[in-house]
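Each chain gets a letter, A, B and C, in the order it is written, and its residues are counted from 1.
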Amino acid sequence: MNKLTKAQTELWEMDELAKGTSPIHGLHPLAKLAVTVFYIFTVVSFPKYDLSGLMILVLYPVILYQIADIPVSTCFYKLRLVLPLVCAVGLVNPFLDRKILLYIGTVPITGGLVSMATLMLKGVFSLMASFLLIATTPIDQICAALGKLHVPQVLTTLLLLTYRYIGLMIREVAVMSESYALRAPGQKGIHFSAWGSFLGQLLLRSMDRAEELYSSMLLRGFRGEFYYVGLPKARGKDWLFFLGSLLLFLAARNTNLPELLGSLFMR
Amino acid sequence: MHMADALLAPAVAATMYAASAVTVGASVKTLKKDEASAKLPTMAVASALVFAGQMINYTIPGTGSSGHLCGGMLLTSLLGPQAGFLSMVVILAIQALFFADGGLLALGANCWNMAFYGCFVGYYLIWRPIMRSGLFASMGAKGAARAKLVLASVLGCVLTLQLGAFSVVLETTASGITELPFGVFAGIMQPIHLAIGLVEGLITSAVLLFVYAARPELIQDVDAASQGGRCSLKTTLVILAVVVAVVGGGLSLFASGNPDGLEWSMFGNAESGYSENMGLDEESYGVSSGAADVAGAIQEKTAFLPDYGFMNSDSAAGTTVSGLLGSVMVAAVAVLVCCAGGFFRKKKTAAKA
Amino acid sequence: MLEFRNVSFSYEPGTPVLDNLSFHIRKGETVGLIGANGAGKSTIMKLMLGLLPAQGEILVDGMPVTKQNLSVIRQKIGFVLQDSDNQMFMPTVYEDMIFGPRNYGLTREEADARVERVLKELGLESLKHRHNHKISGGEKRMAAIATILAMEPEMIVMDEPSTALDPVNRRRVISTINSRKETKLIASHDLDMILDTCQRVILLNHGRIVADGEAETILRDRALLEANRMELPFCLQGWKGR
């Protein structure tokens, strides 16, 4: 099935990107995780009319994408999943909030228009930031960072194990979908009569796989402990990146830099 | 119905993170006693499978469209609520991280909206009471189990999706993101998710029926009733109340969202069913942090629902023309929201573009 | 090294999978376990590793397979699963390789040294930090063998080690098997590989040992093989071209 293979390619692509060797890839995963979360927090904390203040934050992802050598365009493909709901919610604003905030020439700009734009930018910015994190940090390092933050090992291990088997499961579902489609030409999806058996078959097989997997763990002395490659030690540049970004975000949040910039040219 | 980062205010996002984190902590703690390590491989493989299975299109008979699986109830019925919850959390985390479905900040909210309701509410309020009850006893042991399985799956999916959709509305409104009045937003979300929930419930029950026929021991609580549990009057009443509440609640919202729509008057008591549904909610929420918000919002909602139909809301929409335009927009929004939920990944169109 | 004494097993009462089985594998031997589907090959492997409870007596290095001995026995016998994807569950090859040694109490340094040594012996150094979900089928099988060797077992048990491999990778697995000094038990339908690797063959049918002896003798016996739902190895079928 097309959709499935695409999902797998998408997953593999992220894996490839994360293997890069740029300075951003080399940063401590915990620092990147913290900065990303803080960035998104800053972005969404902007008031709904503060379009100009928010604009400055576009610089963070754009600059880091360049340093990390990742084309900005790669992340826009992912927007298709986030934007519909954001748009759906944002699009009504111009019609419901008609308070006129300012005029550009004779064209009135309403509050709704501004809040809609702000909302969409928030969506785009936060996506860019989290994409950057994944594109520069392998999943095992993210899990290690989460472990440092006291996320229970059951959860991080489950995350890694699931990630390990997603490709396999996608392939199995894809193979079954193909064999279904070959015998049911012209059907867009799984027919009602096969709803249960389709996923059910896979499920039973997966349960056998899980059993086998567990015996493979037991045979190698598993007693509930997993051993991963640990995290590197935080160095000066990691702290610099972390604290520097923090300060810049705070500054951007508290002073409207674009307006300041604009006022320089408006006399 | 994945929440997006942009739709959340930091405070709301943090609250939802806290609520989900507490649930994760509690689940991990409960599981520890219960040999979490032995369950890990099964959890991992099952969540990987559900992740892949979410991309399967199921043709809905009699319509041109197709339905999808979200998997909360399915995972719960196979793994139990705690393990099911953790598995759903992992699925949502991978979706947020690698597919930008949802977002990093919205992950807490998404875990709550989809995993918490689907696993805990679905299990303790629907799955276990129904599976352990003596309902359908006249159909023989196997027949009764099958019938209960279908009932529990469908009810569970419908209820948990209603709760999830309602939470999306609550969280968005609490974040002060949208100008859309609360009632209208809910009026759009709830009926859509009623349909989605029904389809999900049917898919889930189809899969579980298959599993039950082949390996009944894989399903939680399935033979509990055969050990002689009799249908107590209380269980039956509780289940009946939930049925009425879910159906009534969904329909009343549908009605309020479409004042000039179909003749919903035949469901005259739908309003009362709705509040009953919400009354039940408060119980199920227990003492969790979200309870206060929810309860407050519920009161608010039930209070202003009647005089807050869309057509009357000229506080913002002044003229009739804009009112008309607004309704067109709402219709467009309904379609968009429909496409936006996690059930509809529009990969094909995006790839063509 | 491994001894089965009157071992029986059944999943459901009345339908025995293994029926009063006895055999003995000496240290350093390489034994092929052959038989049609459902003959009981996998069950034998699971029994000696204590994954299934047996009736009768199974001795590993003189030790009975009991709950108290499991940890020692599983250290002595390394089991290479048929599906390498089930064997390799950690994110990277390296993490998979240290999983066993670390669980058996080795420090990270000791485990690291073992990993390095095994990877070098098998010529797999480039695989060390690769992700398990992204390496090819042939690499995965070799890596799975490496994870088992990193546990330094005295005996290696392999379930269908050559399935779904291309000729080059199959050859690679065969030469790896031949280069190992450990005691080996190999279950397979790939009789050519058994002929290439084993001195002794045990032929099973419906849970009983039909033949146990020198590999060449058994694998050349067309009547015996065909009576037990097998056939001659391809290299002995006298293929002369079209």
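In the analysis below, a contact is a pair of C-beta atoms (placed from the backbone, for glycine too) under 8 Å apart; a residue touches a chain by one contact, two chains touch by 3 or more.
Computed from a prediction, not measured in an experiment: that's the story for all the values here.
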item	value
Shared interface partners, meaning chains that touch chain A and chain B	none
Most distant chain from chain B by Cα centroid	C
Chain pair whose interface holds the most contacting C-beta pairs	A-B
Centroid distance [mean C-alpha coordinates] between chain B and chain A, Å	23
Centre distance in Å when chain B and chain C are each reduced to the mean of their C-alpha atoms	48
Centre-to-centre distance between chain C and chain A (centres being mean Cα positions), rounded to whole Å	43
Set of chain A residues in contact with two or more other chains	139, 161, 163-166, 168, 209, 213, 217, 222-223
Residue numbers of chain B (touch at least two other chains)	41, 44
For chain C, residues contacting two or more additional chains	89
Parts of chain B lying in touch with chain A, wherever the complex brings them together	1-10, 13, 24-25, 28, 31-32, 36-38, 40-49, 51-53, 55-61, 66, 69, 78, 86-87, 89-91, 93-94, 96-105, 172, 176-180, 202-203, 205-211, 214-215, 218, 316-318, 322, 325-326, 329-330, 332-333, 336-337, 339-341, 345-351
Residue numbers on chain A that touch chain C, as the complex places them	12, 15, 139-140, 160-161, 163-168, 209, 212-213, 215-223, 225-229
Chain B-facing residues of chain A, complex	1-4, 6-7, 10-11, 14, 36-37, 40-41, 43-45, 48, 75, 77-93, 95-98, 112, 115, 119-120, 122-123, 126-127, 129-131, 133-134, 139, 142, 152, 154-155, 157-159, 161-166, 168-170, 172-173, 177, 187-192, 195-204, 206-207, 209-211, 213-214, 217, 222-224
Complex contact set, residues of chain C against chain A	46, 49, 51, 71, 74-75, 78-79, 81, 83, 85-87, 89-92, 94-95, 98-100, 102-104, 108, 131-134, 147, 151
